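Should a chain be cited, it is by its letter among A, B, C and D, assigned in written order, with residues numbered from 1 in that chain.
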Amino acid sequence: MTGRYDFASDNTAPIAPEALDALVHANIGFAPAYGADATSSRSADQVRAFLDADAEVRFVASGTAANAIALTLLCAPFQAVAAHEHAHVCTDEAGAPGFFGQGLGLIALPGAAGRVSPAALAQVLAAHRMSHRQSVAALSLTNATEYGAVYSRAQIAELARLAKDAGCAVHLDGARLANAVAAGFDPKSIAGLGVDVLVLGGAKAGASPAEALVILDKALAPNLDVRLKQAGQLASKGRFHAAPLLGLLESGAFVERAAHANAMARRLAAASPFPVRHPVEANAVFLEIDDVALAGLHARGWFVYRFLDASVRFMCSWATTPDAVDELGEVLQGLH
Amino acid sequence: MTGRYDFASDNTAPIAPEALDALVHANIGFAPAYGADATSSRSADQVRAFLDADAEVRFVASGTAANAIALTLLCAPFQAVAAHEHAHVCTDEAGAPGFFGQGLGLIALPGAAGRVSPAALAQVLAAHRMSHRQSVAALSLTNATEYGAVYSRAQIAELARLAKDAGCAVHLDGARLANAVAAGFDPKSIAGLGVDVLVLGGAKAGASPAEALVILDKALAPNLDVRLKQAGQLASKGRFHAAPLLGLLESGAFVERAAHANAMARRLAAASPFPVRHPVEANAVFLEIDDVALAGLHARGWFVYRFLDASVRFMCSWATTPDAVDELGEVLQGLH
Amino acid sequence: MTGRYDFASDNTAPIAPEALDALVHANIGFAPAYGADATSSRSADQVRAFLDADAEVRFVASGTAANAIALTLLCAPFQAVAAHEHAHVCTDEAGAPGFFGQGLGLIALPGAAGRVSPAALAQVLAAHRMSHRQSVAALSLTNATEYGAVYSRAQIAELARLAKDAGCAVHLDGARLANAVAAGFDPKSIAGLGVDVLVLGGAKAGASPAEALVILDKALAPNLDVRLKQAGQLASKGRFHAAPLLGLLESGAFVERAAHANAMARRLAAASPFPVRHPVEANAVFLEIDDVALAGLHARGWFVYRFLDASVRFMCSWATTPDAVDELGEVLQGLH
Amino acid sequence: MTGRYDFASDNTAPIAPEALDALVHANIGFAPAYGADATSSRSADQVRAFLDADAEVRFVASGTAANAIALTLLCAPFQAVAAHEHAHVCTDEAGAPGFFGQGLGLIALPGAAGRVSPAALAQVLAAHRMSHRQSVAALSLTNATEYGAVYSRAQIAELARLAKDAGCAVHLDGARLANAVAAGFDPKSIAGLGVDVLVLGGAKAGASPAEALVILDKALAPNLDVRLKQAGQLASKGRFHAAPLLGLLESGAFVERAAHANAMARRLAAASPFPVRHPVEANAVFLEIDDVALAGLHARGWFVYRFLDASVRFMCSWATTPDAVDELGEVLQGLH
């Protein structure tokens, strides 16, 4: 029996065909380095078209770095970013925002299913700026959230307005934006909602390691290339970071394959005998599984993890098959 | 007429077949994330075998980041790294060592053809540590050098011994190690020469963006993954950073294709009517070309650049063809 | 009516006579710079005698910097420091630990009256180190606490043991160590309790801006001077940072004047018609005062602030007079 | 025989009477913390009057930190500061600019007697911004220079104009501004010359550790206090950093005592049998002394050091006496 990583994360999946085809297609002849090539240019155009917005677009290898660099554009070291307490920037990036941002602070906000509570945000923004705490300069949102929920346009609008009214900027971590869009969130609304910097996720959508850093407020972008270079995120052979997203966006697979992943999550939720913790709106299912049953899953080779909220996370991806979902469903039934 | 980037850099080349094949081959099924997969493991084994040395090996997307992180393992912020004045870490990484290293200093050393002068190194190491200058804690060498020269084993031994005797560590930037090895430098000598951390270059050898960070002094490596994660250099889909080097090393193409690049450089040097500035030992040719002739080259679509020593750099790669060299040679003849 | 800052903080007080006398006494003739002078040497001896411990001792201008630098000695950027959620390092230093520590994280722990809850610490230390969170490398304690409580030796021993058993180091913020000692805490117990670095507070004890950075684990101290120099905390005229603490320690005023401050706090608590929130063990009194009464205090020129726990803080210092306490007590009676 | 530190540095001197008197005078009653007190306010007014310019003024403990923070206001991490190769920021601050500036670069410029060569500056500013070098964003000048020369107004105007024309900002390290002013440099010209940030030195002029950070371009100053707090340079008992400069400026001693120091330097130069290396325009004398004679000086207890240009530095201060100069002169005669 070999290990089953199907549901361990959406980054255990291989590269989707459309992304790999584009990468192979980009692999012809010589091309200018550092993003000055035609593939990078066309890919950036695709991103802008997808968002229906003008923006500076760069392709980087790491979502962690992309998020951290985005936050440094919005927040000085003596300031802080407010984010959901279980947002990737708070819990899964080993302190990258503070590393890239020379100590910029993170303020953790509560909220159901990974969505920031507007009331909690309002309270933090209104806090008397007494003493010498780092004050909030930016709000970071994640769509779809870490718990597989999807912010509606109105929900982001409310949070973004609170932030903007308090003079703060807005960052959107779109590591799973494809899944949010497949669930009905309109990517063309992002610019109008006041998002200043978006990280548009490639890896979890089927790309090889590649994310798009999208600077919607272009005034933030002077010297962007040298800034990225210093931070180790300006690839010499840049076309290979740009190609996968080009292939996914141009073909429509970016959203279509995310829709498949979302459907697999709903199928899994329906098959589960264990309670489902959060609304299944994107590609994640969080099940309330006791330790004995979890040990049973592990013993059968299924690698999944207890998450920060103590439920067990199952991620679906473009590569998840109905058969695998059904097989897992049966295993879960047996462990119940 | 389209632009000719053949000689602009060795990172304008596409991915070599062996690297791409390995990447495609790795793209099957689900795999653990963050480097815990079989491809990463096998690729690390290949690196260790190539070096005949035990080492912690990680695959990262950026040589700039790999060098900078390597230096932070060897040097505190209040210390400095001595390197050739035209080394990549000094001139082409936008200050990445200081960024990742919280202000660690760089001390620029002279030396012919990109090799550090032992006398200059000795002088810096012997300097009375008066006042509050950052003192040298590490020596950084580059093989092949920025000017296409190749350090012999004895030359590195001499410099490394000077460093070690002064209590300093040694970093080897091997962005073009393949070319050095193809020119006769024995990679199995590296560990014995006292190199503590090596960056083994993939991109310039034919990989997609991927470099190996090789920690030869394993005591430097605790918590390496979380350190890389914070620095934006721990890829979730890590197998795609590991596969290209696996393909190149396993097949022997890593050195064979570098040997081709080196041969193309010699062919170009032989064809050049302009004086050759530095010994052509690897894949670079530096020609003493006046501004008029350089403008002529540019006007004919050949993108090459005047370098830090004022000569014009022509880089060959695995993808450089004899025809292209001959075509360029004729253009140069015409401009002479 | 001029403003009354008597109770706004213990750093609104002037320099105590013993500190100023020592400063004036040190102001004779020429002396070596950067801490190599006799005053600095004698003052360090006094600190070691006070603690009955060997240690590297340096005198710096800023407690914020001293704490931050101490934490960088104990914790890498990809790690975190656990501290009380209202500890000065968490709430009042504008993110200095992350700034000096290149993004090192802070993990906020609950606990009554500013003391860290052992159960909460144990939980954080035992947490499965899943995903890529910054893991705890150090525990930071504050004695006396921000809420005027004093840890007993046994309480610190319990917390320090938990930390040490988990492989973590211990930092003690002693900005108000004098007050803790005056309340019965034995300074000679600190080294034995496993504290690795202590910041011994001068300013709040009656010194001009001056704190002692006390490295009890001397293995942490190589290159300490150049490290401090780079961080802007190695004074050229170092004797003037060392003299005030010399004067306070040599004369015994360090503890005696803190005992007076503590007594003034008890007197104020006794005089207060408003409920006292926390045990008054050192020099702080936190009163549960409503907004109307607080506005009344402000209107009468008494500057005090609502603190993080929503009560109003009154700090006493070496310079607080019984008359001032009684006068304030009457004002409080009138506002009740 | 005790050691003689009279000429080792100008920071081996004690606090001047006017500075100490002001400190003692400020030590009355309670005062708001963090620079909100009347002493700080009056001292800032004195600085503005001295410069005949509006400015944000803060008093900090460390000139190293003041310089580094000033540079971070003018230069991003991926940019560089051009300064004389022997400027304090380049050679004597242990890399503080890079530490506070997250890796900002320093570009060393040549020039006689510590003055930056306009030709060298022009060359650096005009350099083709090829590849990924940190480009110049600020010019840092020092008056009086490290070698005791004094820039004229015209000389600074020329350099500042070159910088401004290239879009760069200007920092003035005035650690010895008092000596420059005593030598005829008009402090009221500084703002008009285009200096954006000045560090006005207190310690070397006779203050206890205290320097003024003077932000002439007030647009650079938002959130200045919290920025200083994070960097460990916002003193709680701020009045004691502000008082010494208040006393020196209000009394005129700031310049008068510097004039005395300058006169002592001239007296020493006149008495020296060894060649004088640099023009003696401020309070430093650099003598060309061989190793045997230097060892003789040391053997007689006179602590002076060989400097970066290999000559031996003798610094005079407000506290240098004619008798000491004459005594030293005789010793030098004997060693010649």
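The rule is short, and it goes like this: a residue touches a chain if its C-beta (ideal position, glycine included) is under 8 Å from a C-beta of that chain, and two chains touch if they have at least 3 such contacts.
From a predicted model like this one, the values you see are computed outputs, not experimental measurements.
Engineer: With chain centres defined as mean CA positions, report which chain is farthest from chain A.
Structural biologist: Here the answer is chain D, farthest from chain A.
Engineer: Could you see whether A-B or A-C has the larger number of C-beta contact pairs?
Structural biologist: More C-beta contacts join the chains of A-B.
Engineer: How far is the middle of chain A from the middle of chain C, if each middle is the mean of its Cα atoms, in Å?
Structural biologist: One centre to the other, that is 41 Å.
Engineer: As a quick test, compute the distance in whole Å between the mean CA positions of chain A and chain D.
Structural biologist: 49
Engineer: Indicate the whole-number Å distance between the mean C-alpha point of chain A and the mean C-alpha point of chain B.
Structural biologist: About 32 Å, centre to centre.
Engineer: Residues touching two or more other chains, restricted to chain C: which are they?
Structural biologist: Residues 77-78, 93-96, 99-100, 102-103, 132, 134, 226-227, 229-230, 234 of chain C each touch two or more of the other chains.
Engineer: Hey, which residues of chain C end up touching chain B in the complex?
Structural biologist: Those residues of chain C that touch chain B are 76-79, 102-103, 132, 134-135, 223, 226-227, 229-230, 234.
Engineer: Note which residues of chain A are touching chain C in the complex, please.
Structural biologist: 77-78, 80, 91-105, 128, 130-134, 305-306, 308
Engineer: Looking at the complex, which residues from chain B come into contact with chain A?
Structural biologist: 3-6, 8-9, 11-15, 20, 23-24, 27-33, 61-66, 68, 93-96, 99-100, 203, 208-209, 226-227, 229-237, 240-241, 303, 319
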